[in-house]
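Common to both upcoming complexes is subunit A, partnered first by subunit B, then by subunit C.
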Partner chain A sequence: MSIETVAQNLVFGLFVGSMYGVAAVGLSLVFGVLKVLNVAHGELLMIGGYVTFWLFAVLRIDPFLSMLVTVPALFLLGVVLDRIIFRHVTRLTGEAKIKNSLLVSFGLSLILQNVVIQLFRADERSVQTSYSGTGLTAFGIVLPYTRLLILVIALVAILSLHTFLQRTYTGKAIRATAEDWEAAALAGISIQSVYLLTFGLGAALAGIAGTLVSVSYSITPSIGLAWTLRALVVIVLAGTGRILGAFPVGLFLGVAEALSATFIGPAYRELVGLVIFLFVLLLRPQGLFGRT
Partner chain B sequence: MSQAFEQVAPPVTATRSGGWLRPALVVVLAALLVLVPQLVKQGDVLNLCFLVLLYISLGQSWNILAGFAGQTSLGHAAFFGIGALTTRTLWTNGGPFIPALFLGALAATVFALIIGAPTFRLRGAYFAIGTLGMAEALRITISQTSPLVSTLPIDQIAGYDLAARYYLALALALATVGVAALLLRSRLSLGMLAVREDEEAAQATGVNPLKHKLIAFTISSFFAGLAGGVFAFYHVSYYPEAAFSPHWTFDAVLISFVGGLGTIGGPVIGAIFYVLVRDRLAVTLVDIHQIIFGILFIIVVLVFPGGLVEAWERLRKAGRFSRRGR
Partner chain C sequence: MLEVRELAAAYGDLRVLWDISLEVHTGEIVVLIGPNGSGKTTFLRTVAGLHRPLSGDIRLEQTPIHTLPAHQIVERGIILVPEGRRLFGGMSVLENLELGAFTARARVKRHEMLKRVLDLFPILSERLHQRAATLSGGQQQMVAIGRALMGLPRLLMLDEPSLGLAPLVVQNIFEVVRDIGREGVTVLLVEQNARVALQLADRAYIVEQGRIVDQGTGAHLLADQHVRRAYLGYAPRAGTTTDRSASLRE
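Up next is the complex of A and B:
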């Protein structure tokens, strides 16, 4: 096996990992702030993919450009879901809260998946732009334009989120709520508004990830579960409570999968993440990269 | 904490009212169910009855673990799949069916015991996602190692007898419900319910949580494995991966919750409701029953934790209008 093949796989792993990262940060944000586990996150991602596909197939809008519509649309969907469903869960506390959120979002994932089947049929869909398949070549490594754009957009999204959380007043309110919601409420922060905004942001991130996924893979209404699991794998590896820390771990998972596909075989690439996930969950519940 | 948890699982109260009436009703009902293949001549109706019975076993087996012991496993498909795969492999390779069926269930139970001890270190939602990850890892492995469709041998197809499948499913459903009912009347279930309500408090009063969780897991996976074996007996051809599909888990969750989690009647009513609604709606629309059940499920979890069983009890109470003057 030449060094170029390995390097090529590494780079592709990084591209794939950037999608894992964005998907995981969205889930991790909601988990870290609302303390609810939204297993319908993968379905939100899938819907983001379908909105992109629809805009591309019907209105011929470039998938990357269509994010200007997709992301606000998913934000809105997230806000609506928080209001009509998750608001009833965030009232609870502790173990009951997280368990009920898991159950409720499981029901939601069934609904969303089947609504999309009703709207788009269960066929595979894909977005093929005019520049799909073209790219740069550097040191014998192929860098397709779409993949490069995916990495750039993922980085921009994560950095903007970081800046928003660190620099703005609202971002500080979100972080304060994540840290200790009771203290935040005492300091005059409207917890429900923070939850609403955060859930919207999480859904918007799922929308971004969905667009990126629709450009790289064919999508079906049933891809949600696999993406939820991937995001969960990343979060568990990163250690829960580290919101943006999920992004580099997503890159790590992408690379780990790509390397195992190279050395073990492509059939088991999905398995690698799940096996690492189970071992980490059982042996290091604070996460592979988490602090004790 | 535990107070809020009752949102999901209401405490189980074994109703001892009725005296001889209830067992008599069960016997009459069982006799009627035995006669179904003689009375019903249409294959599709018998088919539907078979599915109801299979889903009763599936839902009830999940209910024993999740409803009684409070462990929300999302890996139930793994045990169903192992039962199906083992039974099918032994049977289609010439083995006698009944031993194959029990070996399948045994394989599922052994697997449950192997993964049980480590996964029970995880609490609540982590247990749920851990078991989900485990089941998916197993499904992917099976899809790689057994990618070919499994079809019955020609002579088996020629002699295919739906009534035999029906009787097997009936026996399994009766056994599963019976064991669940016996369990709920036993001392063992008190420990399980205690673990469900508050693990720390249960431990403080001398209940061994791990032991009770493992017993519930063993019974649950044994019956899930048997249900998988019945599935393998029923289907003429399917991909081995199909028996490991997360849908088996999701169906069990929906049936138990919508019917009434932690009750004996819940999964039974849930399964009847689920299969009939699915059958009615599948004629006109594709999979719209999933949307309806998703909505019902959310409503049950959020505002009506007792499910259909509780709805029925309330209706009855309202009808009798309070002997105790409530």
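Up next is the complex of A and C:
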């Protein structure tokens, strides 16, 4: 096996991993702040993909450009979902909260899937731009333009989120709420507003991931669960409470899958993630970046 | 300033407060003492809006506040330093202090307040960029009080600020509380360390099993037989279990 083949697979692993990373950071943000596991996160991603597809198929808008519409639309959808559904769950405490969050979001994922089936039918869809299939070649490695853009957009999204959380007053309020919501309330932070904004941001990140997925894979209304599960594996690997730690772990998982497909065989691609998952849980249950 | 009437509170089926009525006047330092589990913490949490009362009402300058969410109570100037400090451990000391000034009212004055907090606790100037979780207990308590002051309290409520701290540090914390009181901030203090707290207090209430059983000036309660026996560790005859547990707490 040539070094180019390995390098090529490694690079493709990074491209795929950047999508895992963005999907996982959205889920991780909502989980870390609201302490709610949103099983419908994958469906939000799927809807992001369909909005991009629709804008492309009907209005001929470039998928990357259409993020200017998709991302705010998903943010709004997230805000509405928090306001009408998740607000009633976040008010609960302890076991009731986690159980209800699972039930409610699982129900929501079924509803969203069926709404999309009604609107778009269950056929596979994909976004083929004029530049799909073209790309650069460097050192014998092919770098398709769409994949490069995916990586760049993923990095920009995560760095913007990082800057927002670290530098702005609102971002700090979100981090404070994630650490201790009662102490945050005593500092004068409106917890409901933080939850609303955070759920919107989580959905917006799902929207970004959805767009990226729609230009690299075909989408159907049923892809959501697979993405939720993958995002869940990534955030557990990263360690819960490490919101942005999910991104490098997503990249890592993408690369690990790609390399195992190269060295062991494509059939083991999905398996390797779960094996890593198992070993991390056994040896380092707090996650790769978790603090004990 | 603060007027509480016939306040009752519970956790699920477990009744914690029965019929608490008390008043805090502007400029006073008022102390609540009582044994563990008597409902002092629940009382402060209820005033701060973290816990909804079963019945009764809480008024700030005649306006009822017990239906407001916690952040709006902070906006009105009632700020709680919670039991156990509850810092944002993963964030820096500076970020913790900045977050104390989150309300619009406090944010405009955050630079001058930060200077004042660092004057009160000079040691924190050297620790501003350290993660709050890495500080010692005493320094964490300073950050917790500092964070509350950043919110420009009119009524500052402190829940067991001396808990788990070395005697010298406790002394320092209480001196600061006294200074804060002298600068015109009204203080409502819950404290296990009854002797020190009563010396500081203008007035005090004794809470036992969710009810107010006695009240008076700090000096009056310091001289009271029951208070001396139960909370100050003076027993006419050593030996009863309540006396022993009270002196252990001392």
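General remarks:
Criterion: the second predicted complex is superposed on the first by the 283 of 292 C-alpha atoms of A that agree within 3 Å, B and C clash if a C-alpha of one lies under 4 Å from a C-alpha of the other, contacts with A are read in each partner's own complex, and residues count from 1 in each chain.
Operating definition for what follows: contacts are C-beta pairs under 8 Å (C-beta built on N, C-alpha and C of every residue); 3 or more make two chains touch, one makes a residue touch a chain.
Being a predicted model, the structure only gives us computed values, none of them experimental.
Clash-free side-by-side placement of subunit B and subunit C is the outcome of superposition onto subunit A. Within the superposed three-chain model, A:L186 lies in touch with subunit C and out of touch with subunit B [touch as defined at top].
Touch counts on subunit A: comparing subunit C and subunit B, the chain ahead is B.
Once chain A of one complex is fitted onto chain A of the other, the partner contacts of A:Y169 are limited to subunit C, with no touch recorded for subunit B.
When the shared chain is aligned, subunit B comes close enough to touch A:A267, but subunit C does not. With subunit A as vertex, the superposed Cα centres of subunit B and subunit C define an angle of 90 degrees, given in steps of 10. Between subunit B and subunit C in the chain A overlay, the least Cα distance found is 7 Å. Within subunit A, no residue touches subunit B in one complex and subunit C in the other.
The residues of subunit B lying in touch with subunit A in their complex are 1, 4-5, 7-8, 72, 118-119, 121-126, 128-130, 132-134, 136-137, 140-141, 144, 246, 250, 253-254, 257, 285-288, 290-291, 293-295, 297-298, 301-303.
Residue ranges of subunit A in contact with subunit B, taken from their complex: 37, 39, 85, 88-89, 92-104, 106-111, 113-115, 117-118, 225, 229, 232-233, 236, 267-268, 270-271, 274-275, 277-278, 281-282, 285. Touching subunit C in their complex are the following residues of subunit A: 169, 172-173, 175-176, 179-180, 182-192, 291. By the touch rule above, subunit C contacts subunit A in their complex via residues 48-50, 69-71, 74-75, 79-80, 82, 86-91, 95, 98-100, 102-103, 106-107, 147-148, 151.
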